[in-house]
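Worksheet for the structure shown next.
Each chain carries a letter (A, B and C) given by its place in the written order, and its residues are counted from 1.
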Amino acid sequence: MTDPVNAARVGADRPPVIVYEDVVKRYGGFVALNGVSAQVHQGEVVCLIGPSGSGKSTLLRCTNALEPIEGGRIVFEGGTLPTPALAAPVRRRMGMVFQNFELFPHKTALENVAIGPRTVLGTDKAVAEEKARALLAKVGLGDKAASYPSELSGGQQQRVAIARALAMEPEVMLFDEPTSALDPETVGEVLNVMKRLAEEGMTMIVVTHEMTFARRVGNWVVVFDKGRVVEEGVPRQVFEAPREQRTRDFFSHLAWNG
Amino acid sequence: MTYDWSVLWQYRGAFLSGVGTTILLSVLTMAIALPGGVLIMLLRRSQVAPVAFLGTAYVEFFRNVPAILLVYWTFYVLPIVAAVDIPPFTTGLLALALSVTAYNAEAFRAGVSSIRQGQWNAGLALGMTRSQTFLKIILPQAVSRVVPAIANNWVSLFKNTSLVSVIAVGDLAYNAMQVRSQTYRILEVLTALAVIYWALGFPQAKFVDWLQKRYGVKE
Amino acid sequence: MLEFDFSPLVESWRFLALGLSVTLGLAAAVIVSASLLGVLVGVGRVYGPRWLRVLLTFYVDSMRAVPVLVVLVWTFFAFPLAVGITLPPLIAAFVALTFHVGSYVSEIVRGGIESVRTGQMRAALALGMTTGQAIRQVVLPQAAIRMLPPYATIVTMTIKETAVSAVIAVPEFMRSSEVVSSQSLRPLEVYTVALVVYFLLMFPVARGVDRIYRRLAHLGRS
């Protein structure tokens, strides 16, 4: 393929990990997701972009069954997602990273990474901690195992949070604006960890405002507006030749806001 | 066991007068403890260290002793010190006032100190004096913190008036205990006592919740 | 001119010390059992089904509405009649104070839980924890640290309430002071010393808890 704008989707020939079928989510009278359909294939990095309040983060929380949906369905590895109350077995196969890190403040970095396997899988303490150490080293924080979250910078906390999610050996990683709460100088270290993860073939769904990341690391970009998918495509097509006016509007606002 | 609830109606006068005394005692105590609390708070804010210490010592002492012991203490000790007879109602009132004043002073202090230093600076920067800043800027903001706390103190006080029953002041608890020993209808009378307090206190507790919600107090 | 005579206190020091130990033992027992009750009630009020929440709220608000003296007196005199048993004063005081203090503990527990960000619950669930695991492992430990400063109030409140149990003749410190006072006819000395003893008992609690909290605060700050 010589025309990168019309390049084929890299994951198209691989099995889908997550399929959204006409998903509807309401908060009272407000429609947060108004019939969203999309697919995420194995090994893909799918970036969800769009204005604030357009439903990207909501979709991610619904993907992890943290919130119920009112219509449509979400299929994960061939099975329809259960209701939130019954979702624990499904959630342990997905990793999630939050905007505000949500590390557990009463646990050290090591304990934060080990708590998932320890509590959920009943892994032996020594085994879980050995694995946690390896994961902390992987995100470049091998020397911070004994630190509490309050002693770490935002970027360090978010890297611990990524290690915590990886400790469950998830089949897919969900990132909910992982760098929005960070100081500008620590954004890079988190994006680098994510990039390395992508290169290892991890399936990732990333809600982000980092357009450079979406463009360089993403394989597929989905543009949201007002609870709907406006358009989707390979990054170069979406960024260089957007098909929809609303996508162009979104990019022009970004330009204004830096 | 047979129950005889008619004694309650028969002795309704004792219950009613008890309720009256309880309310009167609460109102009078608060009437003393509100200005008393302001006074102690001002002492604590004094620039003169020994005065401020006195204020703090007062608050810490009276918040850290049992009110029932204060009731006994004033009852026995005050007449000795003053060398005159003082009716139990008055010594009970004084005991409660000493205690509630300390709690009110703390409520005022917490309310005033919850206002950011920046608000003081903003007032002073406009050319206001310290007392102008206090009255026009700080106090109106502190009210929203102070009102729920004082209401809370009121509810505690209302319940604590029952402690004066131990020195034979004819409040609701004392009168009920008297009816109990005259009629031997222990279960009926004491259950009525609890229900009356509940009927009076429950709306007050709910009112405090409402105030805290209204003023957005987070505990 | 006032004359002071502290000799009755000196003569009865064993009796008073015994009373003080009953106060401390009763307060400790009540704090432990009220804490257990308070955690159950507090958790039930936040996470329980609607009918349970209504029931528990009614219990807590009722305890806030009724004086501890009335709870004590009712538990000691009236309750045994209703069910046909006899309760020794110490047991009656333990039960009554547990239910009274427990309701206050539950309010603090509830406040602590509700102050933990919802994101913490989400993060725990996202790891695959059950709601119960998330409450025990993530929410309650943080809530516990946030509960420390108001907990100092619970401790002093409990000690104060044990003094009220003198009205049902529990042989604690207030009661023994009363006895010594009426036998010796030196109420001024006896009650003044009792005030000081109670103050010395309670004052360090608030300070001690404050110091511990300042060291642990960061563990509860999510």
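We adopt the following convention: a contact is a pair of C-beta atoms (placed from the backbone, for glycine too) under 8 Å apart; a residue touches a chain by one contact, two chains touch by 3 or more.
Source: prediction; values computed, not measured.
Participant: Could you name the chain whose Cα mean is nearest to the mean of all protein Cα atoms here?
Facilitator: When every chain is reduced to its C-alpha mean, the one closest to the whole-protein mean is C.
Participant: Where is the C-beta contact count highest, in terms of which two chains?
Facilitator: Answer by contact count: the chains B-C.
Participant: Let me check something: if the centre of a chain is the mean of its CA atoms, which chain is farthest from chain A?
Facilitator: B
Participant: Averaged over CA atoms, how far is the centre of chain B from the centre of chain C? Could you give it in whole Å?
Facilitator: 20
Participant: Suppose each chain is reduced to the average of its Cα coordinates; what separation in Å results between chain A and chain C?
Facilitator: Centre-to-centre distance between chain A and chain C: 47 Å.
Participant: Indicate the whole-number Å distance between the mean C-alpha point of chain A and the mean C-alpha point of chain B.
Facilitator: Each chain reduced to its C-alpha mean, chain A and chain B end up 55 Å apart.
Participant: Report the residues of chain C in contact with chain A in the complex, numbered from low to high.
Facilitator: Residues 117, 119-120, 122-131, 133, 137-138, 141-142, 145, 218-222.
Participant: Quick one: in the complex, what on chain C touches chain B?
Facilitator: 2, 61-62, 64-71, 73-74, 77-78, 81-82, 84, 107-108, 111, 115, 150, 156, 159-161, 163-164, 166-167, 174, 177-178, 181, 187-188, 191-192, 194-195, 198-199, 202-203, 206
Participant: For the complex, give me every residue of chain A touching chain C.
Facilitator: Against chain C, the touching part of chain A is residues 61, 64, 66, 84-85, 87-89, 91-96, 98, 100, 102-106, 115-116, 119-120, 148, 150, 161, 164-165, 168, 174.
Participant: Please name which positions on chain B make contact with chain C in the complex.
Facilitator: 1, 60-61, 63-70, 72-73, 76-77, 80-81, 155, 159-163, 165-166, 173, 177, 180, 186-187, 190-191, 193-194, 197-198, 200-202, 204-206, 218-219
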